[in-house]
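Following this message is one structure expressed as C-alpha cells.
We just call them A, B, C, D, E and F in the order they show up, numbering each chain from 1.
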Amino acid sequence: MDLSDATWTDVRDVDTDLAVVPVGSTEQHGPHAPLGTDVIGAEAVTDAAVDRTDREVVRAPAIPIGIAEEHRQFPGTMWVSEDTFRSYVREAVESLAHHGFERVVLVNGHGGNVDALREVGGNLTRSGAAYAVPFTWFEAVGEHSADMGHGGPLETALLRHVDPELIREDRIEAAQEGRADGWGEWTSHTNLAYDAAEFTDNGVVGDPGNGDERRGEELLELAADALVRLLETIVERDVSRPERR
Amino acid sequence: MDLSDATWTDVRDVDTDLAVVPVGSTEQHGPHAPLGTDVIGAEAVTDAAVDRTDREVVRAPAIPIGIAEEHRQFPGTMWVSEDTFRSYVREAVESLAHHGFERVVLVNGHGGNVDALREVGGNLTRSGAAYAVPFTWFEAVGEHSADMGHGGPLETALLRHVDPELIREDRIEAAQEGRADGWGEWTSHTNLAYDAAEFTDNGVVGDPGNGDERRGEELLELAADALVRLLETIVERDVSRPERR
Amino acid sequence: MDLSDATWTDVRDVDTDLAVVPVGSTEQHGPHAPLGTDVIGAEAVTDAAVDRTDREVVRAPAIPIGIAEEHRQFPGTMWVSEDTFRSYVREAVESLAHHGFERVVLVNGHGGNVDALREVGGNLTRSGAAYAVPFTWFEAVGEHSADMGHGGPLETALLRHVDPELIREDRIEAAQEGRADGWGEWTSHTNLAYDAAEFTDNGVVGDPGNGDERRGEELLELAADALVRLLETIVERDVSRPERR
Amino acid sequence: MDLSDATWTDVRDVDTDLAVVPVGSTEQHGPHAPLGTDVIGAEAVTDAAVDRTDREVVRAPAIPIGIAEEHRQFPGTMWVSEDTFRSYVREAVESLAHHGFERVVLVNGHGGNVDALREVGGNLTRSGAAYAVPFTWFEAVGEHSADMGHGGPLETALLRHVDPELIREDRIEAAQEGRADGWGEWTSHTNLAYDAAEFTDNGVVGDPGNGDERRGEELLELAADALVRLLETIVERDVSRPERR
Amino acid sequence: MDLSDATWTDVRDVDTDLAVVPVGSTEQHGPHAPLGTDVIGAEAVTDAAVDRTDREVVRAPAIPIGIAEEHRQFPGTMWVSEDTFRSYVREAVESLAHHGFERVVLVNGHGGNVDALREVGGNLTRSGAAYAVPFTWFEAVGEHSADMGHGGPLETALLRHVDPELIREDRIEAAQEGRADGWGEWTSHTNLAYDAAEFTDNGVVGDPGNGDERRGEELLELAADALVRLLETIVERDVSRPERR
Amino acid sequence: MDLSDATWTDVRDVDTDLAVVPVGSTEQHGPHAPLGTDVIGAEAVTDAAVDRTDREVVRAPAIPIGIAEEHRQFPGTMWVSEDTFRSYVREAVESLAHHGFERVVLVNGHGGNVDALREVGGNLTRSGAAYAVPFTWFEAVGEHSADMGHGGPLETALLRHVDPELIREDRIEAAQEGRADGWGEWTSHTNLAYDAAEFTDNGVVGDPGNGDERRGEELLELAADALVRLLETIVERDVSRPERR
C-alpha cells in the first residue's frame, strides 16, 4: 500500500506491521546521470519488492535529501547534516510505529547514508520504538556489488532500465574520461579523502559504459528479491532485546 | 529546471539565483482524499508556476513529511517534530545557497508547516545564508482562501483537477457526514484544540462537495499566477538587511 | 494569587489547577512608547482578569524577553532565539504543572511570540505535562483588533490608561511621521520583510494618535473579559487527548 | 537608564557600554518570605547601585525564573533546566551587546544560579560577544556573608527593608522552628544532598530572627557599594583576551 | 575492582552498587609539572582509597579531558565544552548504573570540573538514574586545602610522591618566578578574569617549592581517607528523594 | 611526545603539526579478555608507531569510553551515546588544533567507533578546524584482518603480546565454547542484530585459541608500520579542500 495515495481509512483497514521507507539523496552523479539517481534507485527497488511479495507492506514516501556534503563541489548537490538526517528519518519511522507499523526497512540508495541509517535503526530498536534496519540495494546484488562506483556501471544500468531518458547517452564518453576507477584515496586502509572532488574530476567513479539496460533489469530483480527475502525474514523475527547476562 | 532530473553539469550552466522547494506533509485528508494531498498540491502549484514564468528557476525535490502531529489519531499520518522539520528545511536551503541559489521560495501545501517555514525563512535571511520566504498556495487564491478547510473544497478540487483518480468519489458522502465546518474550537480568539480529532470525526473540515474539477483548475491557475508574481518580485528585491537606526 | 508575593505555604493551601503566565518582550515601540510595552500590556490584562474572576488562579511572574530579533535595528531591543524562548516557557510551565497547576494560559503581549507559544502549548498538551494555551490580548478585543499595529493605537491607548507617564506625548507627532500604515511588505499574500526596519522608519506601525486613555480603558476591559471567559472555559474543559481512529 | 521604561530613541542617545541584568529565581523561601525573594533582592541591589554611580548604566529587566529544581518539593517553586537558563541569559546579553552594551554585570540574587552565570560569562567573554561577569549580592556584604542561609537572616533583613509587607512576621517563629542551621549535608567536604528538603523541614536555612530592617538597610548599602566598585572597575578594565604563550 | 582489567564475568560476580570514576584534565601545570597532573592526581587518590576500604568498589577508567579552556593560551592544554563534558560524564555513569552500580563517586582532580560535576550529579540523582556525587581531592585535605593553587604546592607535592620523575626539579625556580600568588583577579568578590593567562605568566599559582615528597604522601593519605569516609557514608545513605511538602 | 607527561613549555618548543589520539572503549571482551582491551590495543599501536617514526608526533591521552551500547547485556560495559562521543572527540581534536596540531590521526581500537570517527573526521576537515582521519588498527594488518572477531584471535593475540597477564588462559576453553563464528545475523546483506547478545552467548566472536603471543607481536608490527606509513603520507598531503566545479 502506497501511503501517499492511500486514505487514512485505507491504512486503518490494513493488517500488517511491516513498512518500507525509501531513502535517497539529491546529488551529483556525473555529467550523464541525474541528481535524483539515488532516490530513483531506492524507489524502484522498493516498488519492485512490494510488487513481488505477498505480504502487505506499507510504503512511505521517499526521503529525497540525505548526507551528501562530500559532493558539495558539484553544483546542484543538496544535503543536510548527519544529525538532521538522523532525526528526520528516526522521527518519520516513529510516526509509522505510532500506527503499529513497527517493523521497518529503510530502503537506501546512497552510500553516504549507510552509517547514519544503521545508527538510526539501532537507536529505534534499542529504545523499543520500532524495529528498523537499513537495506542498501547495491550491497545486495551478488557479484555485481563489487562494481559499485558512483554514477558508474550499476547506477547507470539501473536508470537505463527504470527511466532511460534520464541517462544522457551523448555524455557517456565524457563521463568515462573524467572518471575515477575507485572511491577514495587510500593509505593503510584509511581513506584520506573526504570530498569526491579529491579523486574524481567529473564526479564519476567506475565505468558507466559497463551498465546496459539488461544489466539494469538484472540488478533490479536481484535487489528486489533480496529485499523480499529481508521482509520475509523480518516479519518472522523475534525482535525483543536479549536478557542481561 | 527540475533538479532531480538534471545533471550537475546542467546545473552548473544555469544562470539564476532563484530556487523553489515544494514542502508538503503526508497526513490524513479524510476518507476520500489521499495522505499525499499536501505534497501533490505543493508540487502542482510549483510546477505550474515554473512553467508559466520566463525566469530560470531551479526546482528542488519536494519535502514529503512535515509538522502533522495534530493528525496523529488518524492512521497513516506521518510527522517529524518542529525542530527537526526546521533543521531539515533550513539545511536543504543552505545547500542550494551554497551553489548560488540564494533566493528561495518554499512552496507550501500544509497549514501546519506555515509558522515553522516563516521561522526558517527569517533565520536564513537574517544570518545571510539565503533569502527565503514561504508561500502557502491556499492563502493566495483570492476569495477562495476563505473556504480553506482540511480535505475540504479547495484541496479536493485541486486533486480532482491534478490527479482525479486519487479522490474516492464514492466516499464523498461519508466525508461530508463526519466533517467539521471550521478548524478548531475557539473561545476568546483562542483555539482550545490541539488535535484535529478534537473537532472532526473523520478528519475533514469543510465540504468536499463544493470543489469540482473546474474549481480545481481555477485554484491552480490563481496559485500559480500568485507564485509567479512572487518570484518576479523576489528576483528584483533588495534583500540586504536594513541599517542600524 | 500572585506567585512572587506568596509563600510556599500559601501556594500549598490553594485549591486550583489554574495558572496564568504573562509573556512579553523588551523591544522598541517607537519614539513615544517604552521598550517594556509588551510586558506591561501582558501584565495589565493578566491582573485585570485575575481580579475579575471568582476562580482561584495562580499568577506567575512575567517572562520579560521574547522573540524580537525583527526589531534588532532599533537600539535597546532585547531578544532570545526561538528555541531558547520555547524552552524557557515550556520548562517554566512544567514546573507549575509539577505542583498541580496543570491548566495554564500564557497571556501574551507580543505578536512575535504567537507562533512559538502555540507550539509550546501543543507540545506540553500532547506530552501530557500540562494543558496550556496562549492568549494574545490584542487579538481578543473585538473590532479594535483590526487596528493593531506596533506602538500604534492599541498599545499606546493601553499604556495611556495603565501607566500614562510612560507615553512621551511630546513625541507623538514624530511617531506619526515616521510610521508605517501596516505591518510588512506583501506580495501574493507573502510578507517579504523580516525586519521591521524594512517598512517602518521609526518602528511605529499604525497611528498612536488614535488611541486615547478611554480607548485604553475599553481595551483593558475587553481583553480582561475575554481572558476571564477563556479561564472559565478551560477549567471545565476535558483536556484528555482523543482516541485513535 | 531603565530599559523597560526607555524608548529606543532614548537608548540610541545614551553614551555607555555598561549594562546590568538582574537575575533571580521564583522559589520557596520558607513560610515567612515570598517566592519572589531572589528577584526582589537582585532588583533592589541593582537599582541602588545604578542610583549611586555617576556612570551611565543600562538596566535590563530582571530574569525571574532560574535554576531552582533543588526546591521542587516546596509548592510554587518554579525553575528551568540549567541548559535553558544558560541559553536564555547568554542570548539576552548578546542582544544587549548587539547595541554596544558590551560590558555587562549579571546581578544575581540566587545561589543556585551562581555556577551557571559564571559559565555564561566565560563563554560570552571568550567568544568575544561581550564581557560579562556575575555579581551575587550576598557574597559581597563583608562579614555578613558568613550568615547567608536561605530565607534566613540576610534575605529576611533585606526584604524587611525593601518591601516589609512581604515578610509574614507572624510566621517567623514557625520559620525558626523548622529551619536548618546550615546548607546541605556534608561528608568529606562533599555535599550529599541535592534537594533542600533533605535537610530543612520548611525550606529555611539560618535564623530569620537575626535580620531586622536596619540590618537590611546595611546589607543593601554594602551590596550596592560593592556593585558600584565592580562597575567602576569593569569600565576601566582591558577585557581583551591574553596572547598565546 | 579495576574495570579496565576485569572481564565481564568478573563484574557479573561482584556484589556491590558502589563505583568510582576518576575525572581529570589534560592541561598546563606550569613549566615544571606535566599536562596530565589532574588525571594522575585523581587516579592516585582513587586507587589509594579503593585499596584502603573493605568495601567492594568498581573503579572505572579515568576521564582524561575536562573543562580547561581557561588554560588555552598555554600550549598542549586540551579541553571540551562544558556541555560535552557533562554529557560524557553523565552517560558514562548511566552505563555503570545500567549494571547496578548506582552509587557513584566522581573523584575529581581539576577545579574547572567542579561545577559541572555537581550539576551532573544533581541531574543523575533527581532523574533516578543513579546517585552520584563529585569528590574533589584537594578540597578534602584539611588545612592544606587553603594552599591549593595551580601547579602549586599541593599538586607538585602529590606528584613528587606519586610519580617523581614527572616533576622537572630544574625548572622549579622558573616556576616560582613566573607564578601568581592567588587564583584570579578579584573586585567586590567577583573574579574578573576568565583565562589563567590574565593573572599568571607561566601558568603557576602558588609556590611549588612548598610541596615536598612527604607533604605529597600526607596529602594522598588525607585525601584517600576522606574518600573512604565518603564511600562508607554513601553506601549507607538513603538516597531516595524527599516527599512533596 | 606524550602530552600527559610533557609540560606546556615542552609542547611550545616542539615543531610539528602532527598528533595522534588513541580511542578505545571499555566493554566486554568475553570471559577471558579484559573490558579495557580496545583501549590497550589503541594505545599499544599508537605508542609502537610513535616509537618507530622519525617524525615528531604529539600523543594525546586515550579516550577510554566509546560507542558500545551493543554490548550492554554484558556487565561492566560502559558507553556514551553516538552524539556525545562525536562531540567529545571533535572538541578534543579542536583543542589540539588550537595549538597548531592540525593533522590528527584518531587511532581506534573498537569497531563500534568506526562510523562515528569517520563522521567526526569529515566534519573537522570540511570546517577547516583540522585535518583528521581515523585509523582502526585491525583493519590494517593485512590478511589477518579477515580473522577479526570480538575478543577473538586478533585481540587475544595482541594482549598476549602486550600485557599477557590480562588474558585469563584458564578461561580460553569457556570462551571458545560460547563464542560465535561471525559478527551479526545476516539476511540479504543486512545485519538483523543490534546487540551482540543476539548472536554470541559469552560475548566472543572468533576463536581466541588462534591468537598466540607471536601472532600478537606480528599484529603490533603490522599495525604500527601501517600507522607510520599513514603519518608519513598525511604530513605530506595537501589537505586543502577542492575547488568548486
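As a working rule, contacts are C-beta pairs under 8 Å (C-beta built on N, C-alpha and C of every residue); 3 or more make two chains touch, one makes a residue touch a chain.
A quick note: this is a predicted structure, and the numbers were derived from the prediction, not measured.
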Q. Over half shared or under half: which fits the residue numbers at the contact of copies subunit A and subunit B, same or different?
A. same
Q: Please name the chain that ends up farthest from subunit C once chain centres are defined by their CA atoms averaged.
A: F
Q: Go ahead and note the Å separation of the Cα centroids belonging to subunit A and subunit C.
A: 48
Q: Spell out, as numbers or ranges, the residues of subunit C touching 2 or more other chains.
A: 8, 12, 69, 74-75, 83, 202-203, 245
Q | Contacting residues of subunit F [partner subunit E, same complex] | A | 3-12, 26, 28-36, 39-40, 58, 60-65, 69, 72, 74-81, 83-85, 87-88, 91-92, 95-96, 98-100, 166, 168, 171, 202-203
(Q) Quick check on the complex: what are the subunit F residues that touch subunit A? (A) 69-70, 73-75, 82-83, 115, 118-119, 121-123, 125-126, 133-136, 139-140, 145, 187-192, 194-195, 197-198, 202-203, 226-227, 229-230, 233-234, 237, 241-245
